[in-house]
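Below are two complexes that have chain A in common, paired first with chain B and then with chain C.
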Partner chain A sequence: MSRWLLRRSLQAVVTFAIAMLLLFVLLRVTPGDPLSRLTGERAVSERELAQLRTRFGLNQPLGAQLRAFLGGVTRGDLGVSIEHYPEPVTRLIAARLPATLLLGGTVLLLNFTLGAWLGVRQAVRRGSRFDRWLTRLALAAYATPSFWLGLVLVAFVSIRWHLLPAAQLNDPLLSPDAGPVARAIDMLRHLVLPVVTLSLTSIALPMRHQRAAMLASFRLDFVTAARARGLPERRVRWRHAWRTTLVPMLTLLGLWLPILVSGSVFVESVFNWPGLGSLAAEAIAARDYPVLLGTAMLVSFVVVLAGLLADLGYALLDPRVRPA
Partner chain B sequence: MIGSLAELLHRAWRNPSGRWGVIALLGLSLAALLAPPLLQDPAAMRDVVAGATPPSLAHPFGTDQLNRDILARVASGGRISLTVAALAVLLSLSVGSLVGLVAGYLGGWLDAVLMRTVDAALAIPRLFVILLLLVVWERIPLVALIVVLGTTGWFATSRLVRGEVLRLRNEAFVLAAEGLGATPRRTIVRHLLPNAAGPLLVAATLGVGDVILLEAGLSFLGLGIQPPTPSWGGMVLDARPLIVSAPWTAIFPGAAIVLTVLSVNLIGDALQAALDPRSA
Partner chain C sequence: MPLTAPRLLALGLALLLPSAATARQRAPDHGAIVILLGQEPTTPVPTLLGAKANGDVSDLLFLRLARPGGGLVTTDEKSFEPQLARSWKRRDSLTIAFELDPRAKWHDGTPVTARDVLFSFARMRDSLIDPARALLLRHLATVTAEGDRRVVLRFRRAYPEQFYDATWHVQLLPAHLVDTIPPERFAASAFVRAPVGSGPYRWVRRDPGQKLELAANPDFFLGAPRLDRVVFLVVRDPEAALNLLLDGSADAYEAVPPGSGPPRLAANPALRILTAPSFGVVYLLFNQRASGDRTRPHPILGDAGVRRALSMAIDRATLIRSAYGPYGLATSAPVAQAHWTHRLVPKGPAYDPGAARALLQRLGWSDHDGDGVLDKDGAPLALRLNVPTTSAPRVTMATQVQEQLRRIGVRLELVRLDGPVWFQRRQRGEFDLDFSAAVMDPSPSGIVQSWTCAGRAGSNYAQYCDPAVDASLEKAIFDPRGGERDWRAAYAALQQDAPAAFIASPPTLFALQRRYRDVNLRPESLYSDLWRWSVDPARRLPRDR
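This part shows the complex of A and B:
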């Protein structure tokens, strides 16, 4: 087990290193010196530009640049922001992380419980009208651009009908002596629309995946055997069939994370949600390359880590994958 | 082998979802192709003072903040969106197939290097790769957009093709062809590729939907199709400040995205079901 663990962790490190290498190549193939393009419209003196060049190591040979780049990544140094110079990118990201974890975590939880449950129901009632229409609805939700759905929800639910707040994490006008309960309720109310938008537009994948996995596990011999022994259908469904689908669902989690992050770029910028997604959107508007790059690095790291953790969970759930 | 592809298409057509998808997509494409010449010039501003006017007989979808006809803009935006998506998917399909065939057929260290790279590339969200590539441009040329969308979408395809090649490599008909002296090229083109056509078709169809959504999102962020060329995402961006006073400016372009992507994905879903009936 420990050797397997070591090998798998090493593999994750290699994958991440290659991803970083790819990002470096990406940085270099884009036309022109990124700094001169990025600072073109700003009042930056030649001296400051030269300083920035040294700071980003742009006046060094390619090999040294690569070393500096990878060295920075391993030290957790993602460079400094151009827009908020000289604020380090890591600090900007750290400030935005909690809001994204709250939004993303809620959506993740919702889609992998409610979405998965719906997928199981679909598999159980395969081919029924319920199954067919739920598939179509999921496909329609998947086809909906999150930025558009968010804008429409804000226009009607928030502005026209005054039902829920349209933006931000909490109400700036909330009285400062409001109790923790009032604060929590206020935050929950702010959470509803972004969560609904992000969840609806990304629920199709876990739902479809769970349905397919469930159908596959219904065909397994031991499920048939459990039925033949006369076990109650509910018990067969959850204790036998559903448990085997945990492994493919874990794998999906790693694949689904990039989708969640990409979606939050749009949803967070529509709802002014102070998270990583809106940080990326602001970085685009300000052409703040280091911030965008830093966010991409962090997300890649999380994706690789999630893949590793999924495989670990996999090994714990299914002893067959881990060689003794 | 061509027979099995025809069989696949036939089965997908017999699926109501697939049929609806095809009909809707044909209708939308025809509208996008034929409508622009019949409608007002989408760039024409007539009465800027009048601004955004609600849907009427003269303008069934209303007009936008510059008093331009939204129906005309949705139609010509659709033509561009569909063209961009089709070309980008064609590009990523070609690159993905090539890499997958090479990796699967030749194997060895080349396969290892290629697949490790694909693993790593899949860890970086596609949206961020595209943003990093596009954000440095002052004005993004349409060709650059297509190339960027196409070259960032082939990773999963290459894995798929590689898997198919590995599955088919030791099949009797491939071994027979090789035994009879078929060159690697002939084996690949005549035997491996046609047998991977089904899964590739599914991947391509779903890829088109993804690219349309992605392009709309990029245009919404100002990094996609550049104004004044109309695009669905760009129209939603323009409508953002008007969303309460003139909701039709946002609703119609958004609905066009939903309908188009939905019909593409219905086709993809029907193809998938035809390919693997047990999971349907």
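This part shows the complex of A and C:
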């Protein structure tokens, strides 16, 4: 098991390194001048541009830039942002990470608790009106673009009914003296619409997975045996049938974990949510190479790590796939 | 604690109630403001300004010796308003002495002195620190101090905009805090993270990519501001910005999209839209050199006759109506609506596709092969127009330009590019036509940067050069007796040469909550009078208190 874990970890490290190298090269060969956003549409002289290029090391050959980047990574230094100069990339990411974790974590939690619970309920009441309508509604929501749903919710809930704020992570005029309760309530008010938007458009997936896995589980011999032994239905359902569905659900969770750090560009844009998704989108638009590499690095790391954790999870949950 | 139904209800109600955390008593016309910016002010400090948003915020933190009066006549020194200089006296045609206001203080309480002026001018005139500004200050010979409160500026030559150059280009920096910071480390210094100025507002904090907050400077020597808190929120998506205005979370937005913005905002009676003339000009730039090869003249656009014909074939009124609604203003020279010389621009070439086609015919361009595209010596009149997708008005207008030129037999291919690629190609001269927009200097003399032979080393991306135009601009700008007639002649010479098809000078569309009074938007610096704004006591909101 430990050899398997070591081999799998090494694979993960190599995958991560290849992803980073590809990202670095692709970003640098993509056309576009990162200084365009700094200067806006102001008339800029060649001399001024040359000074800016020197400041950000953009006048160096690609090899030298790669060496500088790798050297920085080994020291935990991802460089400084071009657009937010002189802000270090690590500080920018650290500033945006909590908002993304909050949004992604809440959506993930909601989808894999409420979604899973609804999926079990649907499987139990298979073919009922509840099952049919929930399927239709969930699939309709799944087919709806999240940015459109977000705009509709804002139009009604925020602008027409003035129930919740239209955007932002918190009230920009919230007093610095505000207590933790006031801050928490303010943040929750701002969190509701982005979470509802993202959850509504994505909950169908865990729900349908859970339903299918549960139905398959109900057909297994040991579940039939448990029922034959006269165990209460609730116990059969949750202690026997549901536990076998954890492996496929874990696979799905592994695939979804990166949402924790990648954010959702469209939803973050609609709600002006200061997360990593919008940071990455801004960095793409500005060709802010250091920020883009930093965010991509974080996402790649979580993707690779989630794959590793999912594999480890299988091994722990299912003895059949456990390596010798 | 179990979540019972009443507790859930209470939590729900708490979430729906607006936050009361900002409640605090203030004078009846005092308040706060949340301003939405589409662009982030990353370094709002003199010598590092660059983008417009930096300048807007910097004008609240740092002052100049004086600023132009309301008419923005940059040649009329009598119209200038005092800022850090209480008064000034012209000693001769080359020398101006400024008396500093003894009440002026930096935000840390240190008085503003002649040492600060000398230090700031030295920094701004250093071409290694701020090459663009150093170029603008090239006619300044010396800056000397006479005691703590008087500075004397001496110029190399007499010209009408001496006073403007002496005051506009330099915002004062506190020498006692900055002179120990090497220029090359300035941008990364602690001072830039928390600047100390002498203006009506002082720095509170900046959350990169999110917001920047300022607080009123109660000791501001020209009068305490009545808006106590100013928060600039960065909102890159215009729809999100409109939503924040409509739900009341924000108070002002300076980049209302001219198409969708006004009708949406009209639905909320608490909002109004103000327009302010801008220094922006939108134009189709004609490359004088071959695309991507600056050693050869452009095979088609190198001919001034072709450029004039293309300019005549463009229906500016239709373009402006479609992109800016009722707000756009046509222009036929590189002169913005807010420039005092705007009224001197001769009426440009009228929209006349028939005359345009006839002119092309005279130049040898005919449709010999009957394919609908003019050709000459076997080469079709086919051009490519680079358009930045980041500008919705220009994307809208580009398709119409394509159709308008098609009618006279020109095949125009639209090349839609995202901002950085568009910028890169413009820098390298990789275009036939470029859909450009420039925010110009408040002085009409800023024209030399992009439309003279000397500008070819700088921002004259099309490599336009006509010594006759240079000579007429030189006369208008530098002749001490130069006047309106010279400016008219210079603009007429430019129009004759048609280095670009000048289209519009769109105003700034500014959405604002109606509760603000005494509002004055200045074209050269939208927020420089913000400290004079107040809140109507009858319309105050909880967050103003």
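In this text, the second predicted complex is superposed on the first by the 227 of 324 C-alpha atoms of A that agree within 3 Å, B and C clash if a C-alpha of one lies under 4 Å from a C-alpha of the other, contacts with A are read in each partner's own complex, and residues count from 1 in each chain.
Going forward, a contact is a pair of C-beta atoms (placed from the backbone, for glycine too) under 8 Å apart; a residue touches a chain by one contact, two chains touch by 3 or more.
Only a predicted model underlies this, so the values are computations on that prediction, with no experimental measurement involved.
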item	value
First (chain B), second (chain C), both or neither touched by A:E83	second
Partner chain in contact with A:V154 - chain B first, chain C second, else both or neither	both
Which of chain B and chain C A:R287 touches, first, second, both or neither	both
Which superposed partner A:D171 touches (first chain B, second chain C, both, neither)	second
Touching partner for A:H209 - first (chain B), second (chain C), both, neither	neither
Touching partner for A:R237 - first (chain B), second (chain C), both, neither	neither
Chain B versus chain C as contact partner of A:V303, first or second or both or neither	first
Residues of chain A at both interfaces, chain B in one complex, chain C in the other	31-32, 34, 37-38, 151, 154, 159, 269, 285, 287
Chain C-facing residues of chain A, complex	31-49, 51, 55, 80-81, 83-87, 91-92, 95-96, 151, 154, 158-159, 162-169, 171-175, 177-179, 182-183, 185-186, 188-189, 192, 269-272, 274, 278-279, 282, 285-287
Partner chain A, residues of chain B touching it in the complex	17, 116-117, 119-129, 131-133, 135-138, 209, 213, 216-217, 220-223, 233, 236, 239-240, 243-244, 247, 250-251, 253-254, 257-262, 264-266, 269, 278-279
Partner chain A, residues of chain C touching it in the complex	14-16, 19-22, 24, 32, 34, 39-40, 42-43, 50-52, 127-128, 131-132, 135, 187-188, 192, 207-211, 229, 231, 233, 235-237, 239-241, 243-244, 246-250, 390, 418-424, 427, 436-439, 449-450, 457-459, 543
Contact footprint of chain B on chain A as seen in their complex	14-19, 21-23, 26-27, 30-32, 34, 37-38, 132, 135-136, 139-140, 142-145, 147-149, 151-152, 154-156, 159-160, 212, 215-216, 219, 258-259, 261-262, 265-266, 269, 280-281, 284-285, 287, 289, 292-293, 295-296, 299-300, 303-304, 307
